[in-house]
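Worksheet: the structure to be examined is printed underneath.
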């Protein structure tokens, strides 16, 4: 590899709520299936995942088939996806996936999606119970209250929860939860009541002003905010001129959206005093610096990981080199653009 | 096991009709099974995602891909010059079931349409290699039938990329019969490769095919009507190629969705298209 | 040139309100200064402008300096601009620019920007009076009412008005007029009361749901809708990690935004029954077909014209070839994706 | 007058230290004046906008550009190979005022910093050509002083791109004195080009300069202190290069904004930086 090992003299560690990350680079939900990639190309990934924390794909209460194909189309500087949240549902997830997630040598940030604000509370409660049952709680955890974080330090320091509040077709009609401050607050509050650990609200960029949504998430009790999810876009079949994707529209991600993601991150960082997980078009180490300078203390790699599943680890190494070369600490970069 | 994508180096590019063969030396490459594929992207690339290509030839860490330029990604690869760097991720995917095929080489028909001929030289090479481990073959077990269909004589230039694999097979005592057909009759017979298959199928009981989806479906119709085993290497637009994105799904015969990059790209006819008939009539529909 | 001449057998003409265009390709406001380009590279452009109608840059009531440099930065698949509407103000525009605009052998679609809904009415009235004074009205036009279009056929068939309702820093605070249905309706209505001809409302994409805005524009009396203006984005200086552009944020345009523009065009076409002028990332003839299939009867070239000022004319020729090859008329393409 | 952008063809690419000279044949090219520029973009390009480059050399429709690879656009041009197609828009911009400069060639100092040396070979060529139209020059009127500053010896390789222009000038009876300085002293003297200028200015009364903005400002300080005429070829990020976008503005001395692509790229020191002093002291600040 051309990338030198992480420079031990540079401290890349970040505290994200109760979870400590060895460095700021993680994956974006739905863009990296660690177990599949390990099986397909490199079993060593399970021993040494290329992320500081692993974020699995969104899970919903019920199993979902996802959208009909085609689901992917490349566009200028990015891609549209209309995957449609296929997943096995939370029960099968708990039975089949949670155990192996907990066996990873990294913290995990679970990601859930609901179709009404109330579903987030149900999902959070179900996952909390599963984690408690997994015996990861502190010895004194029996009968502990869900909202008392102290007694559950042992699993809350390893497992967080991200709320994907930008699904289509939700309770409030055609506008998704994440574009409505009232619903956002309700969804986050519902989850917060059931989840004692790191709670991340993932915001949609398909909005005129993101600041009221960020405030609502903070009011609801989010301990961090991640942004951005994808931008709704459309591509046509070149010949028929009909919508190309099975799901008609899709979400735009990749370098094309980076300037938009940076702007939204910058605005949210000026609005709420919570740690941010920045994502949207991160491809190279300059993008990581940009996101951090706009206010993200953690940076997620999404679609660029499709080119290179090892990218987050590579970026972490490159970040260390950049910081060392500039004589900067992470704190010097964070919010530098403001 | 690799510590990241591999960085290959272009060793050559040769035109074959409307297609080209791209040769890449890839230090650290693990041997691929026939039907597996790799994701390629020039180190300096104007497209966002890598593109999937079947292994066409493989000799240690020297790989060959047969590529048809259809859009920005394939055209960019077609402008490669010797020494260019190319990111390579692979081999990935479930290839052909060599165990089953090798034992039945004499009753096998290979059907390729257009650039869908790409995976077969490597398959032939593997069948030949597999026979070397067997003490002796019964008569006819070293006869492989290859049916290739092209749009026109220009595209049919791609068939020449078969020559060396075919010669190596002959040198190893295999007899390879290659029949060629073009849709416009500008080279060989005029018609579809399925016309050839319908004529030639009898006496064979397993078909492997790769080409346009419509061709594959038509091949399956023929095979299923006569209860013949069939295997297809299928395509879908991909983002990751390694099972992360769930973007490459296709609907299987039972209505479920499967990822071409992980459950495929090679699927049995039954899985992809539907059950085969119970009685082999030797006749085609 | 590699492009063959327009195939005479293909009818590319489009009716846009009272204005007939020889073909559907025009320029986007602020991205093509015909007189400057003619002076810089090819005087012949004034005799044969490469657009079916010419749209000059936004004019405001008062002169504006525009934003401080740098104003331009390239991003993946596009660019950010923070030009900031520099212009000489409507009075100087009328005195210096209007006469030469009216002497062009093409229809003209003037473009105005206001800082409150009321300013659009003032601008429309001022321009209407100037046009009447220019003696372009019908002989019986003296004393005609502004809202009676009949008597003014002679200039309304050559001059239209586009309302840029997506300026920053406007009357209603930090939210721009174009993100508020009430203000949109007021701005369009104000202009409609003063302007008898083609009235185009140009919408911003920085919005959660564009449909209420499109409806408000229609209710206000718009005779067409153009979309999209640029998406608000941010780029940092690579070294200092401070905002790179003088205006801090900028507007994203170019191929990167095409999937987003197509989706918005598609949504607006399903919402209002007005002709649409589609723009956002148009670079090649496939983009023109895509925009038309999504509902745009006229297509504007923006930033791609920076690479090639002749692009709209080239695309019109290529469109004719495509239609002929497919055996299609324009009507076969229009709204084909719906 | 052209009917669109011109499509040029790469005739060659030659490295000069950290820079390279790109030669492009451009059918239909109108002769450029020194200081004018063109917008270049490979026909197959991964960047969105064309990039601006001063004319470095010109012989009919054969053009040369001296380019320093600093980002995606310049690096992409640096990968050009002979025969590649490149879109060319130009010549554009207001170049040097040849009328004024030619008459004072002997009292002229050319100051180039880094790749800012690019426009000067063409300027020298034009000064030489202009002198051919004059019957006779007074003594010293054919002496041109060129001061070049570079970061280091590697970058200073760019100075070799001057050689042919310098030789042609000498052949036409001009005497060209080229002084070179590097910031790290790895070639020639150690220091800034303005150090050279301060020493050499006396006896000259007009300076033309191109380079980093800070260098230009420092050159202007020196010139203005001694009331010397100065002209600067300035830079700004551009989108269109032809006056459409108003993206390339810079703030002038009077606080107004001017487009580098139309009002420039060559500005007088007074316009760009401020008035010159009234009395020439022959001394520098």
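A, B, C and D are the chain letters, set down in written order, and residue numbers restart from 1 in every chain.
Just so it is clear, contacts are C-beta pairs under 8 Å (C-beta built on N, C-alpha and C of every residue); 3 or more make two chains touch, one makes a residue touch a chain.
In this text the structure is predicted, and so the values were computed from the model without any measurement.
Traced through touching neighbours, the fewest hops from subunit B to subunit C number 2. Centre-to-centre spacing of subunit A and subunit C amounts to 38 Å, using the average Cα coordinate of each chain. Between subunit B and subunit D the centroid-to-centroid distance comes to 56 Å (mean Cα coordinates, whole Å). We define each chain's centre as the mean of its Cα atoms; on that basis subunit C and subunit D are separated by 38 Å. Contact of a single residue of subunit D with at least two other chains is seen at no position. Counting partner chains per residue, subunit A shows two or more touched chains at residues 77-78, 254-255.
If you sketch which chains touch which, the chains form one closed loop in which each chain touches exactly two neighbours.
Chain pairs that touch one another, listed by label: A-B, A-C, B-D, C-D.
Residues 44-46, 76, 79, 81 of subunit D are the ones touching subunit B in the complex. Here subunit C touches subunit A in the complex through residues 75-78, 80, 175, 179, 206-209, 231-236, 238, 240-243, 249-250, 252, 254-260, 262-263, 266, 281, 286, 289-290, 293-294, 333, 336-337, going by the rule given at the top. Within the complex, the subunit B residues that touch subunit A are 1-5, 41, 47-50, 73, 87, 89-90, 92, 236-251, 257, 261-262. Looking at the complex, you find that subunit A touches subunit B at residues 1, 30-33, 36-37, 39-44, 57, 65-66, 68-74, 77-79, 81, 83, 86, 254-255, 303, 305-310, 314.
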